[in-house]
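These notes concern the structure reproduced below.
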Amino acid sequence: MDPQTVTVLTQQFFNALTLGAIYALIALGYTMVYGIIELINFAHGEIFMVGAFIAMFFLTSIGFSGSIPDPLTLAAVLALTFLVTMTVLGFIGVGIERFAYRPLRNAPRLAPLITAIGVSFILQNVVQIWRGPSPVNTPQLLTHNVRFDIGAASIGYLNIFIFLVAVVLMVALQLFVGRTRLGRAMRSTAQDREAAQLMGVNINSTIAITFFIGSALAGAAGIVYGLYFGSIQFTIGFVAGLKAFTAAVLGGIGNLAGAALGGFFIGFIEVAAAQIGYARWTPAFVFGVLILVLVFRPSGLLGQPIGERA
Amino acid sequence: MSQIEDLSRRASASGGGARGRALSPISGFFGRHQSLSVIVGMAIVTTVLPLIVLLPPFSGFNVQRVWLDSFANAGVFVLLALGLNVVVGLAGLLDLGYAAFFAIGAYTYAFGASGFSGNDFPFWPMLLVGAMIAATFGILLGAPTLRLRGDYLAIVTLGFGEIVPLVFLNAEDITKGTNGITGVRRPELGPIEFTATNPVPFYITMAVIVTLVMIFLYRLQDSRLGRSWMAIREDELAAASNGVNTVTTKLLAFALGASTAGFAGVFNASKLTIVHPDQFLFQVSFTILAMVVLGGMGNIWGVAVGAFTVFIIQSVLLKQLNGFFNTFQVPILSDIDFVQYQFLLYGLALVLMMLLRPEGLFPSKRRRRELHTESDEPTDRSPEGLESAAVLQ
Amino acid sequence: MSDAAVAAPERREALLRARRVTKRFGGLVAVRETDLEIPAGSIVSLIGPNGAGKTTFFNVLAGILDPTGGEIEFRGQRMIARPVRAWLEPVLWVLPSVLILLVAVAVFAVTRSVLALQVLVLVAIGLLITTLLLAIIRPLRYRQLLPRFGVFRSARPNDMVTAGVGRTFQNIRLFQNMTVLENVLVGMHSRLHSTAVDAILNSKRHQREEAASRDRARQLLGLVGLRGRDDVIARNLPYGDQRRLEIARALASDPVLLLLDEPTAGMNPRETSEMMALIAKLRSELGLTILLIEHDMRVVMGISDRITVLDHGERIAEGTPEEVRRDPKVIEAYLGRPAA
């Protein structure tokens, strides 16, 4: 391979990792909610979008609209942004669950799906009315110009930062689900809601916590999306949600590690499509992947092959 | 069928074969009671609507000609809502990309009969061709998806609804991309002239088509196929265990819905004479879904009325409302662009309807029973009933 | 579907034969290497304590669950086994059309004839529709074609019904919001032939079939003792009647073999004995073969020809009621408990 190709590939590899990290964070929310109440939360993509807007709003209202050269201030501002945005988003998620899904938990399956799509439209239009229909610039705290070199390729610290954020959050999530009492409650509720209830698990609060975490992760994805792309629009949630859902199905819906894996996979597909000159067609590529997975391995890469026939 | 025959002989021998409902005396194409009521109902509606708009306040908004034009456009959405109702209301499947099939029908006709494509196939057979091509895509999309849980269908159709306009937008060589295909031919029928200035032929044609489609749907609903849709909606596993091929039955509902949308697409393309990707965005699918939910899922008349009302409110009244408040300088209200809020309103309507009145504004009796299971459970319910989730152990 | 395949098998020949059926859920083995033979015209009972794997086994028989191992033959035809190359099935649907599309592109590349391209594309689409229609309209023919391509897919529940196996559920699963009559009509689904087109055109055939099926449904309702309740909403029926309706619905598919999952669950002694009388009548009057699941052994003692006992997913005994009653393993697993 000639050096130029190597450079491009290295750079694109890191781009794919970054994009994949964003999709993985969103996919986790889909997979968690599906795992616990078997509902595709159509509003999840919009929660991600709202996250991007809230982060932008928070940053500009505390007075940061450009890059921050001082590393300490930068770290503090970023930490604060994550804390505030993720908390707000978590509560939005819990609110949506409380008012739109919980009353319908025993209704026919169609009902919560319809409210989910309704909620997603409400979120989209509220943001459109709030910030207008055109793209909005987001503060670039860490610009793309801050880079380091690997061979001839130059990699932005921002890429690394986003990847690390995603990994840290995923590890934290795994630990939470695997090691804590609440995590155990979540797993048992996902397995058998009635049995868990009999064992003293508070189903309502467990489901609420699941929505909180899932939405907070989508919020984190929204923050890093804004940092990375520098501009956001009320429509970004729709397509991103679709791609992240594909990621969740690809990994095996209900499976946390699978969702992360699927997210990175979709990131790579998208960058590859852009690299060969079909950037406009990426949604079509991703959709093709979704159909192929559903045809040949509906349980996903890491999922148990069950439940298809019932 | 030997055993059943056996059985019937025995049953009648033992003194009791209850007489089945005899064939109705007026049999044949227009024989069924429901067909008659649809024809009479639609005839009344079609005659009365043009007269109502001559009266205030409607006459203040538009002249009769413009009203009839809106009604013909509303007819397209009534058709779409009726088609989606087969999928959502009768079979209980959620199709979130319904506008894609509408687009496929419209582009089929645009390829078949426009100055751009150079083809000039006649309109009437193209109605069927558009419907069939849309149905083919419906089957292609449904076949891999309908084997799985219903939720997957929702998200796959959502994706499909996003991809189809994208394809028509990006495949510029054959669709002219963002410019859209213009100069699509209008229908021709003997001496009757379908023109932009005379909406009457479109209005009448639409009324006839809607009447036919409603009759067909009522008949389907009462047939073996309609019963199996209902059964699948109620309990898919039990339906399968009673011999209903759930995949093909769902596929049929899906394909029928898609073909109705294709049909509507051809009509719409010929009426507007332009086909453009923006006509088929997700908002359209969403609007149609809102129409079906508001009208009352599963209720054919309800859905038709719901679609008509929503369309007229959206395309005529909301715009009028802005003008009205501006003219009279109503504070606050005159600053609001109601058209901008329409999707927010639909979103709210969907959520509130599902929470408060899931059977819709004009419910069918059966759907009301289903959607209110919690409130009127029979008192002699056995403890076994609690186990329904555990069939598979 | 009273075609040649239905020709009455010789008396006492096995109607259904399950060999070494295993079903595993993750680490849990719900059914392990279980055999079962159901002779034509007999009443066979499958019993065992709660959680013995009876219902799992039953769901494998009914085509709801794919077995992890083993196979099930019905009337000499292999219906259910572990699927082989099932992923190939969707490929087979599209393969012919894809090939023709490739040919179309090749022809176009050589001849530059737009007409040929259009014709071939139309042929490809037509072929695709034909393939899918075959699967829809002639499911049995379609299933027989699959093995030729090295694909084996287990019969789905509806395939089993078409082949002649009817079933009921332990926790009654009626179509709750449909009427009694409609429930039975859905049960008749696999034996009716009127298509969507018939219904739309309201053809003579459709009208005749509808009227006949309603008559038949009423007769079945009479047989189970629900005469005159046609228009009652199913969920408003009393519990015992719901069980009867479920049996009428299963009978509507004109089964040869009837699978009844705990038909007396939740019933009092009087209702139980009425139900047992009904089951005996189904065999004597309709000549049905019946497989019963029960956890209460006493219920089935009087009525069964053969009994199979499952415990912890394994078959621990098989034989006549007398043999089973005396079997020490059964006593240990079952009757040896303090309550019995």
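Worth a mention:
Letters A, B and C mark the chains in the order given here, with residues in each chain numbered from 1 onward.
To be clear about the criterion, a residue touches a chain if its C-beta (ideal position, glycine included) is under 8 Å from a C-beta of that chain, and two chains touch if they have at least 3 such contacts.
Everything numeric in this text was worked out from a predicted model, so none of it was measured.
Between A-B and B-C, more C-beta contact pairs join the chains of B-C. Comparing each chain's Cα centroid with the centroid of every protein Cα atom identifies chain B as the most central.
Between chain A and chain C, the centres computed from C-alpha atoms are 43 Å apart. For the pair chain A and chain B, the distance between mean C-alpha positions equals 34 Å.
The mean-CA centres of chain B and chain C are about 34 angstrom from one another, to the nearest whole unit. Residue positions of chain B touching 2 or more other chains, listed in rising order: 144, 237, 370, 373, 392. The multi-chain contact residues of chain C, meaning those touching 2 or more other chains, are 25, 64-65, 90, 156. Across the assembly, chain A contributes 295, 310 as residues in contact with two or more other chains.
Across the interface of their complex, chain B is touched by residues 34, 38-40, 42, 100, 103-104, 106-115, 117-122, 124-126, 128-129, 194, 238-239, 242, 245-246, 249, 280-281, 283-284, 287, 290-291, 294-295, 298, 307-308, 310 of chain A. Considering their complex, residues 2, 6, 25, 30, 55-56, 59, 62, 64-65, 90, 93, 125, 128-129, 132, 135-136, 139, 156-158, 161-162, 166-167, 169-178, 182, 185-187, 189-192, 194-196, 198-202, 204, 206-208, 210-212, 214-216, 218-220, 222-223, 227-228, 233, 235-236, 238-239, 249-250, 252-254, 265-266, 285-288 of chain C touch chain B. Residues of chain B touching chain A in their complex: 88, 92, 94, 96, 141, 144-145, 147-152, 154-156, 158-160, 162-163, 166-167, 170, 233, 237, 282, 286, 289, 293, 297, 340-341, 343-344, 346-351, 354-355, 358, 370-371, 373-374, 389, 392. Considering their complex, residues 1-4, 6-8, 10-12, 16-23, 27-29, 31-32, 35, 136, 139-140, 143-144, 216, 219-220, 222-228, 230-231, 234-235, 237-246, 248, 251-252, 256, 366, 369-370, 373, 377-378, 380-385, 387-388, 390-393 of chain B touch chain C.
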